[in-house]
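Chain naming follows the written order as A, B, C and D, and within any one chain the residues start at number 1.
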Amino acid sequence: MRHEFTPTKFYYTFGPHQPALRVRPSDTIVTQTLDSSSRGPDGQEVPQEMQHQSPGTTVYAANPQTGPFYVEGAGVGDMLAVHIEEITPNRSWAESRFVPGFGVFAPEDRACGPTGLSDPLPERSFIWELDLERQVGRLELPQSTLAQIEISLHPFFGCIGTAPRFGEVISSITPAEHGGNMDCVDTGIGATVYLPVFVEGAYLMFGDVHAAQGDGESCGVGLETPARVQVTVDLIRGKAIHWPRIEDETHIMVAGSARPLIDAYRIAHVELIRWLAADYGFDQWEAMQVVSQVGTARVGNVVDPKYTVVAKFPKAYLLG
Amino acid sequence: MRHEFTPTKFYYTFGPHQPALRVRPSDTIVTQTLDSSSRGPDGQEVPQEMQHQSPGTTVYAANPQTGPFYVEGAGVGDMLAVHIEEITPNRSWAESRFVPGFGVFAPEDRACGPTGLSDPLPERSFIWELDLERQVGRLELPQSTLAQIEISLHPFFGCIGTAPRFGEVISSITPAEHGGNMDCVDTGIGATVYLPVFVEGAYLMFGDVHAAQGDGESCGVGLETPARVQVTVDLIRGKAIHWPRIEDETHIMVAGSARPLIDAYRIAHVELIRWLAADYGFDQWEAMQVVSQVGTARVGNVVDPKYTVVAKFPKAYLLG
Amino acid sequence: MRHEFTPTKFYYTFGPHQPALRVRPSDTIVTQTLDSSSRGPDGQEVPQEMQHQSPGTTVYAANPQTGPFYVEGAGVGDMLAVHIEEITPNRSWAESRFVPGFGVFAPEDRACGPTGLSDPLPERSFIWELDLERQVGRLELPQSTLAQIEISLHPFFGCIGTAPRFGEVISSITPAEHGGNMDCVDTGIGATVYLPVFVEGAYLMFGDVHAAQGDGESCGVGLETPARVQVTVDLIRGKAIHWPRIEDETHIMVAGSARPLIDAYRIAHVELIRWLAADYGFDQWEAMQVVSQVGTARVGNVVDPKYTVVAKFPKAYLLG
Amino acid sequence: MRHEFTPTKFYYTFGPHQPALRVRPSDTIVTQTLDSSSRGPDGQEVPQEMQHQSPGTTVYAANPQTGPFYVEGAGVGDMLAVHIEEITPNRSWAESRFVPGFGVFAPEDRACGPTGLSDPLPERSFIWELDLERQVGRLELPQSTLAQIEISLHPFFGCIGTAPRFGEVISSITPAEHGGNMDCVDTGIGATVYLPVFVEGAYLMFGDVHAAQGDGESCGVGLETPARVQVTVDLIRGKAIHWPRIEDETHIMVAGSARPLIDAYRIAHVELIRWLAADYGFDQWEAMQVVSQVGTARVGNVVDPKYTVVAKFPKAYLLG
């Protein structure tokens, strides 16, 4: 079944909120996401009453999520498979920004509280023109010899996730076991994202589309854009996973999120090795050897309250 | 006003749950806390229906909290002052444990997900006999030449906090801006804990009393005990703080919680320096110099999902 | 001028040792490297007297270096450009290993001292058969359903560097400002490695060829092999750099090495942005924005005493 | 035997340099140390020819060391016991400073390379007046309401160590297994410092006396002063230790140095537990339990290229 869903409320936390729509396994959802500043295709912020803000969150009024989608029959210990079929930016521009106290070069890290005493980096806005036909983004660089840059777009969900475990409700700025703000470029068109079901109904949410982004999202902000999106949701029963997994044409992947960065690296790789052992016929130690020689690692984000590393294994080396 | 409050429900997350009791500023609360394994003075786990567990949390059924106490008139941007007047362990023994995958020496860190592939450390239970009259704890050491050890008790709240900011709901295993599982020995009898009000009503909760604990709580578990406790709650209006503060007879302190550990150190010290500048007549840079020469730092915990460092400044150097 | 150089002594530290050969800018060196266990093409360890071991280093008798090559005219503040023209493994097999206490999954980290109390991971040896004609490596996987794996070779220097700054002498297990054991796959055939000259004469050394390796070298050991190698050394005068830079057909790169991992990430990216600003006409803040959107990051190693991250910028976006 | 030794050359690295003096086990050395800026009692920098600087080290011309003292008979695998008998500042003032890019609050960390793009903290000098009779230091605070502060002195060696293992030569800015710039307040008068012998002769060096310092040396610089010092050196044969140990009237301690900070914590505590098991009759797991409840941890420095944590165990709980 195909649902055309127009959101009327956006959430800034992942949790078991009032479901926006109930879907069944194998249903398709076609809907829209706002940009990270709660703006739609017309560049205007949606009205306050559509923003489910919490007290004291003004500074973090970012990353509005579409959903939650309650998946009928999804129980604790099941796994969602979310097939990403379409992510189409629907505005002629995207914005990246330097937010004081945010980003990997910032002396004080607002995400987790000030860690220094120095002046923040300058605040700046960068408006990228999106040429949706040619699938490129263009930025003027008035201060540089290279007066302009044009880059390919590769739109993806900055955020996608389910309701967290242990009864927690987690800001849409933060990635964790449930997914959330992983900001990894691998959750784009054609990918399947596997998410754990920690709460009955799963409570799938997504948003924060980036039209493009480098590894690590170093400045803290990608090419933020609203989008028209389409996903199909499958349910795999009795398949408990600990961290989000991703699969595309060439790789199977695990996204681990933690601070410090090395723990995100470790988590993603440990889970990848265990996955190879559990589902693909590998002995655990042989999997560890092979991953050490052919695995690749992608830094998702190094700017959010938890950092994300994606451990990747080439499907060419999987059986069958 | 003095409230004798007998809890009938315990929570395992900090958040704006159904208030257990409404209190006014300057009210005193006398009540009880369970040990971290949800057991009371009789050593029995309280009935399931008294435990507000969330789906999938069995593994973490730890750190039950008493409360929440709704503080009338407490608004966003105010500050609570919680005077700790009594913490009396009310059982003749306390338990410490080695929990596989938990603690600073553990190869895989269950708190944030497995980060290694090796076998966990052995599971062990250590029952400390509490001599409440002499205020000492005693442990048999059958495998050691020193056949027994006797240590002084210094009971304190492992957990104390308010409802988190940004609409988050956070496990009672985790410390953060709202307080929570800081596991720092400074939140004991005679101390005043200052907590931020992020949600109207503050939603004060506490629990997880340790009869004693070393710096860092290295193995992951202190001398866990139920207790009879008494606190008086004051409200300071229009005093927004970012992190919990503590004051005792000799020091003013800030408790910063983060991973990595150095960020907990930085957060606590930056906030301490800013406090000295804002409230005690220090120039910021002179405060930084003086803190560098007379400040002390105490490692609260290095085992929870966020670590806690307490930055301490001697009151002898404060004016007036 | 072309030097055919046969080494008679191998060093296990980077420093201003007795020069093995003096070369001039634009000279070419053709020579050999041992594998990381001090073995040559015949699989035998070279005699003790050829190994310049230091007292107490038996456990670390790894990563023998060829050189040092004294570059005539190289002064403090100059930069070497080392063009890597050939790296040909010259043995029919390569070895990877699990070394107890080493590697990203190891509970205790021998590289910097034990950080845990648990049993180490098992010790294992993996002999990869090298088919040098087809440029593939083959490993039997007797315990896995996939009974064998065959991977493409991409030989590179695990170690390449100069004498360190500040008069330090640094183990060939450790990467730092001078280069050293970066273990990043980008220092392969066709690449130019730019190295700082911290000591008059530069004292170039290299070794530790890996026939292949995944990102991060997770288990701690790549496909270790001796090799026949050829490099041409150029000298750029008055060009002081802080960290090794790399250039290949498609990217300019900086290799930052530090613990924690995030600092390696930061160092590499800060230096990359400054390089773009200094040499390629970018305004610093515009460079930061562009790197955030098109930069990629490669994890070199997460196993050595310092970790290495390579920040990469596509040459397509450079002028001229 | 008692040696009155007047140094004529100062080193800025720990390593097997030309011995300044040869001593025998149980000999006493009375000598002098400079302040960290190579200045003596008269406030003047000693002549260049007395400073054994290395090329490119101008920025780091800090922490001159007195020595090395070659200990006759000291072999690899032995342990030095250095009894600190006197540390007397011999100048009427000490200096602390804010050095741009240095210190725990600095946005860019010069010690290991710039990790940010922001402006450094301001450069400042603070001259503390030393009243050696009353053993206090006094600082004017012209910008603060508290116009002046007076603190107790507790002079200690910022640096003390032997020649490093693996043939390394290490800057006197950096602490590690050999000791070095640990900057921990516990290496003061009355303490015994146990140091590993990694190189025949041990090559003991010390310097960088601080008249006082807070935990962590947050701004990066203590009360730097030259001093007259006296130590007695004992040799314990066949006692291989991995990290410096310290003993005073009340505690046995281990100083672990590493980045990240948590690894310094882990190293110090693992080594302390192993020490309790090896020398004091503790079962390892019982030692881990007891350390978790009565151990304390002191943060030595959080500003040098490696951070230092001191794990402390009360001697009251040791047998005999």
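What we mean here is this: a residue touches a chain if its C-beta (ideal position, glycine included) is under 8 Å from a C-beta of that chain, and two chains touch if they have at least 3 such contacts.
Please read these numbers as outputs of a predicted model, since none were measured by experiment.
Student: Check C-D against B-D and say which one is joined by more contacting C-beta pairs.
Tutor: More contacting C-beta pairs are found at B-D.
Student: Of all the other chains, whose mean CA position lies farthest from subunit C?
Tutor: B
Student: Rounded to a whole Å, what is the gap between the Cα centroids of subunit B and subunit D?
Tutor: Chain centres of subunit B and subunit D, defined by C-alpha means, are spaced 34 Å apart.
Student: What is the distance in Å between the mean C-alpha positions of subunit A and subunit D?
Tutor: 46
Student: Can you list the residues of subunit C that touch 2 or more other chains?
Tutor: Where subunit C meets two or more other chains at a single residue, that happens at 105, 108, 116-117, 260, 266, 270, 288.
Student: List the residues on subunit A that touch subunit C in their complex, please.
Tutor: Per the stated touch rule, the residues are 96, 98, 103-105, 122, 124, 126, 128, 137, 139, 141, 143-146, 149, 151, 212-223, 260-262, 265-266, 269-270, 280-283, 285-297, 299, 302, 307, 317-319.
Student: Along subunit B, where are the residues that touch subunit A in the complex?
Tutor: Residues 12-13, 15, 53-57, 60, 76-77, 108-109, 112-117, 165-171, 177, 198-200, 242-243, 256, 258-260, 263, 266-267, 270-271, 273, 284, 288 of subunit B touch subunit A in their complex.
Student: In their shared complex, at which residues does subunit D touch subunit A?
Tutor: Residues of subunit D touching subunit A: 105-108, 116-121, 260.
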